[in-house]
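Notes follow once the structure below has been shown.
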C-alpha cells in the first residue's frame, strides 16, 4: 500500500478501540497513514460511584493520552453513555464525524457485539458510510467529504462473543504500544476490576494471544469485512 | 439450584408468555423461585371489533388471573399494542421494568420472532439488561437494581418460525397449569379463533408435544440462550 | 393461480424496483394481476449536483413513465432520500401505503441489503404487513384493509451482496419490458455512470443472466420468502 | 402443473417416507403423477429382539401395503440397516435406483437430519441426481435415464431437529391416507413404542399440525429445496 | 446430578482431549462419575523425525500417565494417525469403543474443527452413538450396550477455529490438574514447539482464560451440544 | 508480496479451474509466481456420445493448451470422472499431488459447490494440506514437501450456487487470457452448449462482470478463505 490512507477507528466508549484494534492502528500509524480515533459517547456512565460529569472529564483526558501515543487525532461524539440510538439525530452526528475523518478505512464494532451501544455505533456507521459523500443531505454541520466508498472492518470483542474473525493483523511488534494505550484508561481499568473482577490489561494479552494462535503469530487482532456494492474490495487495506 | 432466583418473563402482549413459557414459569414457581411476568403493551389492538380501551381492560383482568395461578407478580409496560419501538422512551420504560424485577433470569421473545412487537421487546431487553444496574442513567423513575448480569433466554413461538431450540424444559408435570393459565385469556382465545381459525389451547398442546419429541419427554418448552460478556454462563439456570 | 392478486412492489428509491423485480412485475401484469409500485423516498439525494427538489421532480416523472409501461399504479411515500428510519412516523406511513395497496403479495428489499434505506424499508414492511389489517391503530390516515396475511418476498440487489436466492422467476419473455422500464430512469442511469462508472442497463443484463444460470433459463430474478405465522405458505404466489 | 411428473421419494428405512412426506405423495398420486417410493435399506436392525431376516421380511410386506394405498411403485436398495455409506458401491446402487425411477422430483432426507443413515442417503442422492443421466458411467446395472436435472426437496424429520422448512404442502385433505400408510408399518409402530415410548401415529398428527400452524392450514408437511446449477428452479414442482 | 454418569471423551490423537476438555473431565472425576478417555489413533505421525512405532509407544505411555491423574480408564482405537475415515471398518471400531464405555455423555471434536482426523472422529461418533445399542449389528466384536441415547457435546479447539461455544464449564478449581495432564504429553509439547513454535502449556492457559472471559469465571472450557431425537435434552449433563 | 509463491489450483474436471479462477492464476503468473494447475479426474464422462477414453484424450490436450497460455505446469490425478470419493486411495493421490506442487496457496472448489466431484475434491484438499508435510505417512509415492501450512482459497462456481465471496481479485487486465484459456476447452464448450444450452464463454463474462459489480471493478473473481490453525492468516496472499 503505497498510498496514504485515512484510517478511522470509531468505538462507542473510550477504551473500546484500544481493546480491540489499537495494535492495528499502531501499525497504520507506523506505516505513515493518518489515524483518527472517534469516541461516540463520553463514557460517563461506566462507574457505580463517580458522577457522570467527573467521569466524562477523566475519560476524556485518558483517551487523549492514548491517542497521542500513536499521534492519532481524537474526535468525540459526546453522546450520553448507554444512550446510543440509530435515530436521526445520532445518524446526523455520525455522518459529520465521518466527514471530518474522510476515511478510506473504517474500523468499528461488530453488529453482533454483546453491548447495545457497540451494536448501534456499528449500525450508525453502516447507515452513514455512503451518505457522508452526498452533498445535499439536510441539517448536517459539515460539508460532504469525498464520494468514496470506505472499507468497513468490524472488530473483535472481549471474550469473542458472537465473533469469528476472517481477517487478522499481526500486532506482535506493536503490542507494547497497545498495552500503553490501554494503560492510559486507568479509570476504566479500575472499573472493570471492581465491577467484573477483570484485569483489562491481562485481557488484551489473552485476546491477542488467542487470535495469534489462529493467525499463526504471537499477537493478533481479528476482523470481519462488511460487504458492499462497488467498494473496491479486490484488495486488503489492513496492514 | 439451591439459591432462590428472581425470574422475569417479559412478553409483548398478554398471553405471549403463557403460550411460550408458562410451563417453565410454573416449574420455577413450584421450585420456590420468585416469578414476575411483565407485559410490555396493553394488548389493546388485537381485536377487529372490541374498542381498544375495553379490550385493554379485559386483557388486564385475564392476565392477572393467569399470573395468580402460579403466584407470579404481574407488571405492565402499558405501551400501545403494535407500537413497540426500540427508542429512548421505551428503553427507559424497559430499564425501569427490569429494575422492578431485579432478575437473575430473563425470558423473552426471540430476535427472529415473526411479530415486530415481539422482536422489539427482545431488542429492548438486550439493550437494558446491563443498563438496569447503572445508577447514573438519566430520567429513570426507579433506582438501579443489583449490578448483576442476568441470563437471557429467548423463547419459542407459535409455529416455531425461525426458531431452533438449543435448551429444553420438561413441562409434563405442569402442563395442566399451563393450560389453565392460557385458558384465562378468553378474549384472545376467541380472537385467534375468529381471526386465524386457530384454537389457542390446542396450539399449546401441539407445540408442547412437538418440542417434547425433540427433548425426549411428553411436553417441553424450547429456548435459546443469549451469549454475553461475563454472564456466569458456566451453568444452566433453567429448571 | 386463477385468482387476481394485488401485487405490491415497494422500494426505497425510484429505480430500485425496476432493477430488482421489474421482470416479475411485468409477468404479474401480463397475467392480469393488479400491480402497484410504491417508492418510499422521493429519491432526491442521489446526485452530487442536481438540487434535491429538481431531482425529485425529475425522478417522479421517470417513475411514472416506468410504471405506465406495465399499467402499474404508482404510490409515493415522499420521505427524504437517505433518511428512512423504522420509527413511528414512517411506520404509520408504511401502514397507510400498504392499506392503499391491500396486497396479497409484497415484494421489497432484503433485510441484508447493502444500503441502509433498503434495509429500513424492508424492516418497515415487516413491521406493517400484519398491522395494516388492524382497524383501531391510532393516527392512521387510511382505514384498515383486509385482514389478510400477505406473502412477503425479498428481492435481489445489484451485485448480489449478502443474498442467495431460494426462489426464481423466469423473466426471459419480459426482459425487453424490464429494459424499457429501467430506461425511463435516465437521471439515475446517468448518476450511476458518473458516480460509480456503472452502466445500469448493462447491470440488469448481467444480473438477469447470472440468476438465469442458476435457475436454468435465459433471464431470471431471484427472491427469498419471509416466513411468518399462518400466512398461507403452502403455495407459491410468484408467477 | 399439467405435465405428468415422475416423483421419487427415497428414505433410508421403511416408514421414513411415510412419516415425513406421505401426504405430499398422496397429493401427487391424486393429481395423476407417477409416484415411486424407494427404501434404501431393508430396515432389518430396528428391533432389539426380532432377528434381522425376519424383521426385513415383515417390513417389506408392510412397506408394500403402504405403497399400494396410493398406487406407488416400491423399490428396494436392500442395504443393511445402519450401514449406509456414501461410498462407491452404494453410489452405484443409488444411481441405478434413480435410473429406474427417472424422476422429475426427488424427495429425500435432509443433510442435517439426526440419523446417520438419513444423512448418507441424502448425500448419495445429491451425489447421483446428475450422474443418473450420464451413459458411460462404468459398472452400472441400468442404462442412463433422461439427462434431466431433477428438483431435490429435503423432507422434515420427527422433532424438527435441525430443520426449518421453507416450503410447505397442505396435506389436510389426504391426512387420513397418511395415517393409513403409516399404520401399515405395525412392526415399527410397536418398536417406537417399546424403544422410545413414542406413539408413531400420534407423532405424525403433531408434526402435521405443527407445520400447519406455520403454513396456515390444518395439516402440512415442510420441505427445503436443494439449489443447483440450471435445474429449472423458476417454478415450484410441489403440489 | 445425583446419578453416577458414564462419561466418555474421545479424541483423534493423544493430547486432544487434554487440550480441550481435561478440566471438564477432572470435574466429572471429582464428582464421582466414571470417566473414560478414548484415543482413536495411535498418534504415530505427529513428528518429523521420530519413527511411527517409537512415537506411538511414547505417546501411549504419556496418555496413560495423563489418564491416571484423574483415575480415568484409557481406551485406544489404534488407527494410524492422519488416516481416520468415516468408513465401515472404522465405524465398527467406533461402535465397539462406545460399547465398551457405555456412555451417558460423550465429548468429542466438533464437526467444524480444523483437522481432518478431528472432523472424522466427530462424524464417526455421530454415526455410532445410536447404533451402539442395537444388538443385531453384524461384525461387531462387542455386545450392544444399553439402548440409551447419550448426550454428545462437541469440544473447543486450539485457536477457536470455526467454534462459538454455547455451553461453558468452570474449570478454575481443576486448572492445575489440566496442566499436569497436558504436561504428561511431553513428546507432543516438544513437537508443537518445534513444528509450530507453540508452547502447548501456555496455549491451554490462553484458551481457558479466553473462554473464561465469556463465561464469567477465571478458566473455562467451551462446548456445543449436538441436537438429536429424544435424547433427554431437557437438562444439562455438564458439571 | 515480494516472495515467489508456489500457487496450486486444483479442480475436479478440466475447465473447472479455467471457469472459476483462471484470471487469478494469470495474475499470479504475470507477477512471476510459479503456477501449477492440477486436474483430479480425467473428465472422461462429460459427454453423452463421445466414449470415455477418446474424451479423456481430447480433454487432456485441451487442458495442456490452456495451461501453456500462462506457462503453468499441469498435473493430473487421473481419477474416473464422477467417481471422486474422499477415501483412502484418493486421499493418498491428493497428498502426492500436493507434494508435487508444494504450494503456498491452494485454490480449489468450495465445500458447498453444486457438483459432488467438486465437493469431494475440496474435502480431499482440506484432508491433505497439512498431511503433505508429514514424512512418515505410509504408502505415499512422493516424499513429504515443506512442512508449511498453505493458505486455502475456495473458488466461486457457475451460477454462484451457495457461494457468497468474501475476497475478490480484479481480473480486468487479464480477462482476455481467461477467455483464451477457457476457449481451449472446445469439447466442453460444445458439451455445455448441447447438454445445458449454455455458452460457456458467455458464462465467464457474466460471472466476471457480476462479481465485478460487488468488488468495484470491471471483471472480478470471488473467493472465500478456509480458516485453519496457525496458517499465517495475517495477510492476503491473493494478487
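Labels A, B, C, D, E and F are assigned to the chains in the order they are written; within every chain, residues are numbered from 1.
Note that contacts are C-beta pairs under 8 Å (C-beta built on N, C-alpha and C of every residue); 3 or more make two chains touch, one makes a residue touch a chain.
Given the structure is predicted, the values throughout are model-derived calculations rather than measurements.
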Intersection of contact partners for subunit A and subunit E: B, F
Interchain centroid distance [CA atoms averaged], subunit A/subunit D, Å: 52
Where subunit B and subunit C are represented by their mean Cα positions, the distance between them in whole Å: 35
Residues of subunit D touching at least two other chains: 87, 158-159, 161-162, 164, 198, 213-214, 227, 229-230
Topology of the chain contact graph, where touching chains are joined (line, ring, star, complete, other): other
Interchain contacts, given as pairs of chains that touch: A-B, A-C, A-E, A-F, B-C, B-D, B-E, C-D, C-F, D-E, D-F, E-F
Of subunit C, residues touching subunit D in the complex: 149, 164, 166-170, 213-217, 220, 225, 227, 229-236
Residue numbers on subunit C that touch subunit A, as the complex places them: 44-46, 48, 51-52, 80, 82-83, 85, 87, 114-116, 157-159, 161-162, 195-196, 198
List of subunit C residues in touch with subunit B within their complex: 86-88, 91, 126-127, 130-131, 133-138, 147, 227-230
Residue ranges of subunit A touching subunit E (in the complex, touch as defined): 158-162, 164, 198, 202-203, 206-207, 209-210, 213-214
